[in-house]
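Each structure below is given as structure tokens.
Consider the two complexes below, in which chain A is the common component and chain B and chain C are the respective partners.
Presenting the complex of A and B:
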């Protein structure tokens, strides 16, 4: 119990991993500012933050999934499908209230579909969601009918791109989502069960944890968060294109892994995911500004995933304490 | 009926696949009788070659267990084709093109093997990472442009047809499958692969070199992806940076349809071969019926989910 709880117990408590991520973010900002005159502007900072909104929400869900020993590679396209639903509703009568309900609803529904295949069907999450990814991609093409969904009414934008109490609405929603996920993870039995399943599903089952229920709920939570992300996507861009969300799943996985959540389960850091998302977006934006073509982005993200995991594997094998002992 | 019920394991899979295949063919014939002639058969086999090679590697990696999976195959096909073509541009003697292509693939596969074995990363996350690295690098290095300049003697091989059977299929896919089948059924290596897939712990305890076998299988999967890249070059006449698109999904579907258990230790390459033919027949049929290609990825994905669920259900019924 203690072993599970001692990690990042406070809402924003940071350990060495998270501090080094913060330092990496700052370092990246300094380096890019020197390298490109366009980097250190308030407009660009706003762009980076704007681009992080969807990934932050999806990243929170992906943190839960990976901590549980699951994964969802279809999550980007799920956001696309939710965005199409929102766009259709908005286009039909422009009522933003309905659009706000529809996003999370579609997300939850698709989360249920994924959970039905992966959890109830006892299929490895990676293979099941890869199959669903194919299905969803076809669904996006068919639903869009070969055209962009564009020129959507601005009612949703007016609602979500404003400030409330002096804080931008997206920031408020993300803060609420963060707090909700943090509370669920650190202050409820659900969180403990989730981390226990991540450690060992078999042992969790034997100790009487409702494994199937917890896993099912987690996929649905991830779906709901993705639906909320779709809302912000539509509000910002007011169109939905064919390739929507094609790299989001990879980005989310990379951010979560950067943040120190262990895919071997049992360790999980929400603040790490937030910093991971920021670092990823800072890197992507900075590389673009210093003239690296955007085609390189998946390469950079992939290298980050493997690099971080490889580094962890090596440093686990040769812990710092062992090195110190050897030196003494 | 009784004989069907007596069938088990690979034989049952094969019987089911043949049944499905017949259904697909009959359905196609009913919808568009003009489809079937020798030309279509050649086309199907031509398309099958790439998927067959990649599916074989994928199947072997999964069969060896340890949550083994190679999601990077599509990226490895693209990247090895691109690397070979770029080497050609940099002054490599054209004779060495096939060797370089397969070697490039084997190197990419060996990198996967090292990540999985040496660093003990989970195969799905390691190969997911390398998938994006390989496929992204193939696109980024070329800027998305196809690389021309394939020597003409290679095109003769890649486009040659003997009695309706394409040469790459005859000289590469069939021997590879025959060899793999032989190794699996009648050599110690084959027994080792099944044993470690079935129960890795006991395999280690009886002294099977699990790590070495697994590393070699990942490298082999890469080499087969390189061979598939070579086939694509020789057939299409250029190295295309997106040739491996969706191959990770299709090869997985082929392996699962072919009766390989996702947990390893069960299945055979004959099933994979039949599943590849079934998949490509289905895809070609859809193409002939003028159904938009975007449906292909969805149908293949749905098939994958369906096969996995059916496998679980049949296990529950038996027990």
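Presenting the complex of A and C:
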């Protein structure tokens, strides 16, 4: 029943996994509210949502990548590079319109670079993006010259802090991005092709799917979403530091698999990703407020990843992997 | 009633020094199930791969409805109405039946330049095909991963039908199936022929072949050694043709 329903996916339709994530979010909120007097305030709620913006956008792209059987561990530093570009443009003349164009553009460009290495160069995604991670890290260091980009003009911040149609701009952008990705995934041939590739690249090819094109495009989409995330990052912090984005890829992968997307490809949940991001950010924020040092945040993320994958290995015994083995 | 769809003339295939096929002449007719039999390595798969556009022949020609054709890829063969169901079915287990049937050539409508799937039309079309094949699958939205081996064969056949295939080639479609499932796939094979499709079936199971085939062709060491109407031959004769014990085959192999 569940398996069948998964195929009729509505924009916000939820399965058991997603409901339990929602319950986990609410449960965490209740526990932290009891544990810390500073937790249940509207200011803190705003902080959690604010902290989720970049991860939500990057998580949507990561969902597509994992569903396709791909991954990008360099995505956090890609956001860093896009943020540097935005910062430079903003610092030069303070024109926010230009900054808004530069973010997605640099993201798309870096997405093309990643796709060139991984898709055209036929390097496994985990290896290729790990290599790029090293290259991009150094690029960030060189571009910043060992110094923070700081004290950027507030023009972009002011622009993105407004509301449109009564909704804060970040929420609106995320809603539009979510809807666009959902439509692409569930309502266009592209989405079917992506899921078929995630199931088996060889079978997808035999079915006449343009595998290279679909994989390439997906890395570019992920890059564009990351470029938009960079825009919100710069608008919020008005500085770019050396360590920018260093835990983002880990957070994104954790949130996405927490949401029910298969690390093996072929199956994904966008609403699951949204809930996964929120749960992760709620946990990180709550633990901070009850006095756990921020040093421990990656530990929480790591434990979540291992926990989810371990739980799935035991409870479902990887149904897709098993299917694959049986038919190999 | 049966018309010639495809003629293979003097087909040869060499892999380096190895001659996998030589001098194969064969006629494939619409509405007829043609069984290809032969020992392991006789050249059956090589022959159908030439028909499927997966291998170019080293020699000879293919003629479809009077016109010579040359295939450079499986896509060319598909464009000529030839659908091949390889033993390892190229289905995506994580997608639904309807999605699989249309995968790679979806029905779509363009809205603001973006191609959107015509999901309802595709579902209805697949529903119709499944009913027509009497495949006993009620829900075209079910994931292929939840289907049995025989049901998956039915989906692969639907895919071929949906291509408007004039010739459907099946390489050992029942090899991995249990008795009941095998029955169903054989029935589907007959139904394909009844629809006017030409069907080529490779099988090692001789009683199965007698159940569905109109004509039987036997390959041996890369050559076509016999062709019989199923009604004019029997189990023993076919076995002797395959093993080479039959006097006709002996005479043929002496002259070569």
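To be clear about the criterion, the second predicted complex is superposed on the first by the 308 of 328 C-alpha atoms of A that agree within 3 Å, B and C clash if a C-alpha of one lies under 4 Å from a C-alpha of the other, contacts with A are read in each partner's own complex, and residues count from 1 in each chain.
The rule is simple: a residue touches a chain if its C-beta (ideal position, glycine included) is under 8 Å from a C-beta of that chain, and two chains touch if they have at least 3 such contacts.
Since we're looking at a predicted model, the values are computed, not measured.
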{"item": "Touching partner for A:37 - first (chain B), second (chain C), both, neither", "value": "neither"}
{"item": "Greater chain A contact set [chain C / chain B]", "value": "B"}
{"item": "Which superposed partner A:303 touches (first chain B, second chain C, both, neither)", "value": "first"}
{"item": "Which superposed partner A:132 touches (first chain B, second chain C, both, neither)", "value": "first"}
{"item": "Partner chain(s) touched by A:203 [first = chain B, second = chain C, both, neither]", "value": "second"}
{"item": "Contacts of A:166 with chain B and chain C, given as first, second, both or neither", "value": "neither"}
{"item": "Which of chain B and chain C A:145 touches, first, second, both or neither", "value": "neither"}
{"item": "First (chain B), second (chain C), both or neither touched by A:16", "value": "neither"}
{"item": "Common ground on chain A, meaning residues reached by chain C in one complex and by chain B in the other", "value": "none"}
{"item": "Contact footprint of chain A on chain C as seen in their complex", "value": "74-75, 78, 86, 88, 90-96, 99, 103-106, 108, 114-117, 119, 139, 141-143, 145-146"}
{"item": "Residues of chain A touching chain B in the complex", "value": "71, 73, 117, 121-124, 126-128, 130-139, 141-142, 250, 253, 257, 263-264, 293, 295-299, 301-303, 305-306, 309-310, 313-314"}
{"item": "Contacting residues of chain B [partner chain A, same complex]", "value": "67, 69, 71, 115, 119-122, 124-126, 128-133, 135-137, 139-140, 143-144, 246, 248-249, 252-253, 256, 262, 292, 294-295, 297-305, 308-309, 312"}
{"item": "Chain C-touching residues of chain A, taken from the complex the two chains share", "value": "3-4, 6-8, 183, 187-189, 192-193, 195-196, 198-200, 202-204, 206-209, 266-267, 319-320, 323-324, 327"}
